Amino acid sequence: MPHDVITFGEAMIRLAPPHFQRLEQARSLDVEIGGAELNTAAGLARLGRSAAWVSRLPDNPLGKLVANRAREAGVSDEHVVYTDDSRCGLYFLEFGAAPRASGIVYDRRDSAAARVSPGVFDWPAIFRGARWFHVTGITAALSPGAADTVREALAAAHEAGLPTSIDLNYRSKLWSKEDAGRVMGDLLKYCRVLVASEGDADQLFGITGTDFADVARQFIDRFGVRAVVGVKRETPLVWRNRFGAVGYTEGRFVESPWYEVEIVDRLGAGDALASGLIHGLLDGDFEKGITYGAAMGALKHTIPGDIPWMTKEEIEAVLAGHGLRIRR
Amino acid sequence: MPHDVITFGEAMIRLAPPHFQRLEQARSLDVEIGGAELNTAAGLARLGRSAAWVSRLPDNPLGKLVANRAREAGVSDEHVVYTDDSRCGLYFLEFGAAPRASGIVYDRRDSAAARVSPGVFDWPAIFRGARWFHVTGITAALSPGAADTVREALAAAHEAGLPTSIDLNYRSKLWSKEDAGRVMGDLLKYCRVLVASEGDADQLFGITGTDFADVARQFIDRFGVRAVVGVKRETPLVWRNRFGAVGYTEGRFVESPWYEVEIVDRLGAGDALASGLIHGLLDGDFEKGITYGAAMGALKHTIPGDIPWMTKEEIEAVLAGHGLRIRR
Amino acid sequence: MPHDVITFGEAMIRLAPPHFQRLEQARSLDVEIGGAELNTAAGLARLGRSAAWVSRLPDNPLGKLVANRAREAGVSDEHVVYTDDSRCGLYFLEFGAAPRASGIVYDRRDSAAARVSPGVFDWPAIFRGARWFHVTGITAALSPGAADTVREALAAAHEAGLPTSIDLNYRSKLWSKEDAGRVMGDLLKYCRVLVASEGDADQLFGITGTDFADVARQFIDRFGVRAVVGVKRETPLVWRNRFGAVGYTEGRFVESPWYEVEIVDRLGAGDALASGLIHGLLDGDFEKGITYGAAMGALKHTIPGDIPWMTKEEIEAVLAGHGLRIRR
Amino acid sequence: MPHDVITFGEAMIRLAPPHFQRLEQARSLDVEIGGAELNTAAGLARLGRSAAWVSRLPDNPLGKLVANRAREAGVSDEHVVYTDDSRCGLYFLEFGAAPRASGIVYDRRDSAAARVSPGVFDWPAIFRGARWFHVTGITAALSPGAADTVREALAAAHEAGLPTSIDLNYRSKLWSKEDAGRVMGDLLKYCRVLVASEGDADQLFGITGTDFADVARQFIDRFGVRAVVGVKRETPLVWRNRFGAVGYTEGRFVESPWYEVEIVDRLGAGDALASGLIHGLLDGDFEKGITYGAAMGALKHTIPGDIPWMTKEEIEAVLAGHGLRIRR
Amino acid sequence: MPHDVITFGEAMIRLAPPHFQRLEQARSLDVEIGGAELNTAAGLARLGRSAAWVSRLPDNPLGKLVANRAREAGVSDEHVVYTDDSRCGLYFLEFGAAPRASGIVYDRRDSAAARVSPGVFDWPAIFRGARWFHVTGITAALSPGAADTVREALAAAHEAGLPTSIDLNYRSKLWSKEDAGRVMGDLLKYCRVLVASEGDADQLFGITGTDFADVARQFIDRFGVRAVVGVKRETPLVWRNRFGAVGYTEGRFVESPWYEVEIVDRLGAGDALASGLIHGLLDGDFEKGITYGAAMGALKHTIPGDIPWMTKEEIEAVLAGHGLRIRR
Amino acid sequence: MPHDVITFGEAMIRLAPPHFQRLEQARSLDVEIGGAELNTAAGLARLGRSAAWVSRLPDNPLGKLVANRAREAGVSDEHVVYTDDSRCGLYFLEFGAAPRASGIVYDRRDSAAARVSPGVFDWPAIFRGARWFHVTGITAALSPGAADTVREALAAAHEAGLPTSIDLNYRSKLWSKEDAGRVMGDLLKYCRVLVASEGDADQLFGITGTDFADVARQFIDRFGVRAVVGVKRETPLVWRNRFGAVGYTEGRFVESPWYEVEIVDRLGAGDALASGLIHGLLDGDFEKGITYGAAMGALKHTIPGDIPWMTKEEIEAVLAGHGLRIRR
């Protein structure tokens, strides 16, 4: 069955102590799953788009847990490949509070996804009937084999005439900015819509500008992408932020409202934004992409876990400016 | 044993996922009970007033759970009637966070309380020795039989010379504003003190005014109630509100201070306000009713569940303006 | 995408207090989903068979919760239909301990599944490419409309040449034995393989015999089914049982070993047995059906919830008589 | 409102680590309340008998917690007296498993109940309209003042013509066997029905016999009680026992069946037995007392906490020998 | 093995209902340990300083729980003395929310620590090789015997040439301000660095001043201490405060920045401040003491329990003004 | 400070879903720590022996969690070394029930302990003043570097005249029986007391015999160990076993009673046995070692987690044959 959107990347098991406990104190850990591209696929599924997530998982209960919960979130796991040779990526999350930021301990080395290599997936078959392909810089950062597989996928998408989006998502704990700049710069030639922060633009490509539009124009000029999208965020406290989306394409700068967010879970906001963005792009409507992306990113802050468990009605209530009173 | 106050209505089992989870994700649900009139009776019991709650429950463990916890909260269940013919009302609650409001899924149709009808309760016996009767528009909204039973109760209270209060509490998920306006308008002739919001006044009766006092005067003129009381609330965020009470009687407008509330549980604030109000009215002191009502309503936001588990000392600390430092 | 097996029935949200608490005492409820036909579909999915579950759910978070978790268990929900007109079936479960049996409070009246009626599902399309259809007497017991829809489905399966199995599963809380006997007797003409207990045989059809084979022969003679399968169980305690399967077809009586089971969750054992049975029948191997059915039924006792979350390896370890020592 | 039965004693907050954890490891403690006489009153309330529990509690949230939960269990707290001068009794419970017994750490010294003294309660008023008075040796063991208050209560009951039962319940952690023998021996003159184990009979009074009836006869001869009742128990494991009741009165030895019990919570079985016993005695039926007592004691093992949260239907199912299969 | 710092005082088991529940409602209690001097020792251990905590505990699982968790926090319990004659101090904590302050119910009377008396500890041996001794007014408040033991310890420290700090920490629930003033005034002659609030200065010693420095100068003049340190705090809400530290020594007033804190657990902030202070003082750097103390106190608000489970890196991130974005 | 016993090995974080859930279903995981040599050191600490555990941990919150809890259990971590180059070993545990065994998923590859190599520890300093050294085959199985480090440690112990014990503990998931036989055979020359099962004797060394004594004699003859100790166990069910210890030395066969165990947690029984064994051996009493070992092993089954949180009193109660009734 063809899917509207294909995404490719790792999903990890996330383990976080409840009730703001420190990891050192933990007697139990809450289990969620998360991975940028899976999160985005799930957001699209919540909007009624059919989405499949391509990945590689260990053939053990941990790998199956990830796939089970991907399906629970409405994402197809039919293109997930299992292996006996490696482990399931994990990350440990500790929630902070001002003046202490939240923290992450990654334990994802040698994961099944990191050990992927070209030839594992039959991309032409996977892309058959699809309408969009999305990947992030995190997948490329996992290992050289993973980066090569991203290139293989993007080339196959290009071959198939499939439009693509890439979220730079630079992770300094995974690779150096030099490596990231070199690899991602090479991949951008296959990218139609780029999601990038001004910070990443500077660190990876030395691109700085007077404002977001200026930075976007440089990406468009240098890499041939057609549009650039980013987050706007203010972080006065750990549990209260302001959030929105900005975008630039074809000479137009588009900006969502600012949303005041009471944060329940900070992870996955950018990935939810990508869901809304692709939702609009599938309709050929960049403005819709920015406004849905902003609303979905804002709403994601209110939902536990990395997956954007929201409804279309809730997104539309935010877009319509409905208030905060309980409905009854 | 006679009770100071009699209230009449449904109490439901409330099921809410913990830790801001979405209902769709829930693996466990926290169990509370709630019902506007039970909540108000419990608030009065916390103040040392003897209160009995009249209702109809299924004769199964769910019905008993409700009665057990009513007694735990200090409310007499001696006038509760059990039945085998129907179910226990339930509601499912999901906590939101800005920019997403909290949400409720009601599952209360065909509950034992909704299937009540005149003749079930011996109102003259129930009211013997009582000093006040309280009911809300929710009870009347449950079903035509329930509305008839409210009328029966109010008429019996009137017959017994018992003063009454009605909280309009319009619930759009239960009935239309037309039905609500017709039924409640008919019942208000038995009402001494009305609790109403300006919104409900407009929706149900088309009453609008320059301010709360203006609206109240119209209620007094049109329905013969002696006093009207309302909530004042600002909702900048889901978990931070400002709250207080206003009232009008005999030409006087009375207003509590604004209280800044850090919300633990938003439900039941209006019902707690009614407790404080009736507490003052039992002492013949309308101002006391407004100030106690406002303090109890504000405090209720800090207590999990619908029941106002506060102490008289805590209410008086709020009224005295004691600060927020821990006492030790 | 065609599925190996189609099942049809209701799935409910199951709410059970943790730690052997009584419902009356409950402060939280664990959430599982369960429904005989969904459970069987999930068991088949665990064996690598593609299975779709056909049902009707309310279009609210509770209905979605059920569908989410069906997908999590590997079952296709593509043929589930949503409605706004009714509620989600619930059941409340209390775990007992000797000398007290476990207990169930059903709250499933007027559920979306109970309000189903012929014409809702496009059975020919659903059955396209399928290899087996399974349903139980519980679906027929939900309402006359549901019984009619079961008949419609069975007739369509017959039309499509699809073999079928029916598990009698008489529930005295749902209908009288007279109604059950009449309706189920009528449906058995479409049934190839019947799952039935000797008790149900007697209560519904007045069929008694010297042993299981004798009862089975009467079913075969009277209703034209080709095989009859049943559970064997001893219940010395609530948390320790002995369990196995028996079957009769074409003159042969087949019996599994007895398994000593330490019970973690008593629900769904018969449905897991049906999974193993159909797994064998899909391979045209009745003995395999009995042995897999017995092992899966035994294993189900060790797994929380109604869904048989076991692996093929675990089933095979039971069949191979592997011991109880931890593997490391 | 007069109550059928009055009981008098301490109730403590019970704190136990979940999941078999050791107290030394505990990160959370489950909260129950328990006290022999409260437990017995609750058992009677479950049977539909009106019961009031007389005690003394601290006027703080811990004392109120105890009273709240007594009411939740259906017991009247109208005769509970509050004080500012002392604390709430606590006990810490650790669940064992063979070959390790469960253990208790008492922290009840200087509790509000232990500091009681004659004159605190208006016994003639409390006993007005009552039909039975029950107390245990634990209350007398709390302090000399408590022992004096038990004597005061028993004398007042005698004065009021109220029949009484005493459960010896010797606690070696509270007092010496010499003190217990002296004090309890003195109190037995007011006792109509004695609950005693053969072990306590020997330790406190040096009474030994060939069998329970022989011991009972000596109690009857020496102290003038009319009947003696005891537990029969086998303890092969911590979580599996055999349980029943024995009694002797007016030359007759009465014995219940043995019940095989899967233990959920070992505490309060004797107190539940006393509930069933008094239930029979209120009907003037000693055999009924023994059989109800045995069934209630057996059932109590299956219920978490000290309070016998069972139903009359469940007791009757045990008495009728219903099996252990789930009802559905 | 000699330790850098010795502290002396009681640690209690802290029992708090989860999720903002009221104690009256509690069905479980979270277990932490806390005691001002233990908290400070733990903070020093987190900084890499070797710290031993001197105390007296009951020889039962509760006492061992306290010692176990002290060791878990990196504090040496080698000088803890066990006794059979008394109990473990407890305190019950209820979290508030505006407009309701959090509350504490102490249950620490007759604890093993309160029953301490001179001669129990071999102070010269304990102090061998140590570099600092710290105690608070809470220890002196426990009982006259405890006050005498504090004096004994301070005199021994003086004898050994060990510098000392005292945190006044007046607790009105433990003793009168008159007693506190008399006893603490007498002890201050042994004190090098005093931690005191302006409120305590006034209540205990009648010392008031134009500002903190003025108050500090009076302490220096009157009692001969060399430095005075205090907290600065604003409490607009229960879960949002502003926090910092101030100090005065040798004519210099030193002040930390204000930190905006999102509070996870309000307890132990002052004790964490003392850790940072002593850390600086051990390096002979008063300014460092103030800045580390302020950062540690601020960070403590973000950590559940009384113990300052933070890392040196986190303290330094606060001092360096790192932001609140998650690191990944 | 010298320690009585030194042990060396890895400790992992153990993650297990609560309530018999499958890992695939898990929404939370309970956190324990475990490692054979740490468990044994903890058992010795519970008996009052000073014990230090030597290991290598990552310098992150997970590594610190392990060390924190080792100290909590009374074990010295002063010789633990931290590293930035590797991860913390993990294992995931799923509890079974008959007919399904419990299962373990190891995720310990490339752990800090596995990457150890000779030269990391200063064994002569660590062994100074010590009286016993204990290690298991698991440490040698971690990696060739770990095996070399075990050899280094054993040689240093030999040099220091320190008696040693080795528990073979063959783990087929870590290495082949050939590798294990070769490496362990080489190490046994340094071993005074061997703990081995008959199964491991056969698999690793091809040693079979008529009974345990026969096998032991062959070990003594072939490797020069002085004594051999083993477990005796029957496994009729997952949650009920029979357990005891056997030993052979200097021509004597010693055997403990069989203990009937109700299992709370199956892990760590052999390690607890080693604690009791070494406890006896430190007193030069082999029989005491066997009897304490058997009692501690039996008791360990009743305690959650891998660590033997038992008391000397409990061990002695088992040895004295005290019954299973609750003490009060």
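Order of writing sets the labels: A, B, C, D, E and F. Residues in every chain begin at 1.
Here is the rule we go by: contacts are C-beta pairs under 8 Å (C-beta built on N, C-alpha and C of every residue); 3 or more make two chains touch, one makes a residue touch a chain.
The shown structure was predicted, so the numbers you read here are calculated from the model rather than taken from an experiment.
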- Overlap of the chain A and chain F neighbour lists contains C, E
- Here chain A maps onto chain E under a C-alpha rotation whose angle in degrees, rounded to the nearest 5, is 120
- Task: Using residue numbers, check each pair in A-F, B-D or A-E against B-E and return the one sharing over half of the contact pairs.
- Result: A-E
- Message: Please tell me the distance, in whole Å, between the geometric centres of chain A and chain B computed from their C-alpha atoms.
- Response: 45
- Task: Pull out every residue in chain D that's touching 2 or more other chains.
- Result: 18, 22, 24-25, 27, 68
- Message: Output every touching chain pair, sorted by label.
- Response: A-B, A-C, A-E, A-F, B-C, B-D, B-E, C-D, C-F, D-E, D-F, E-F
- Message: Using the touch definition from the top, list the residues of chain B that touch chain E in their complex.
- Response: 18, 259-265, 298-299, 301-305, 309-310, 314, 317-318, 322-328
- Message: So in the complex, the part of chain C that touches chain D is made up of which residues?
- Response: 19-22, 24-25, 96-104, 106, 171-173, 235-239, 266-267
- Message: Touching residues of chain D toward chain E in the complex: what are they?
- Response: 15, 18, 22-31, 60-62, 64-65, 68, 87-88, 90, 92, 94, 105, 107, 109-110
- Message: Per the contact definition, I'd like the list of chain D residues that touch chain B in the complex.
- Response: 1, 68-69, 71-74
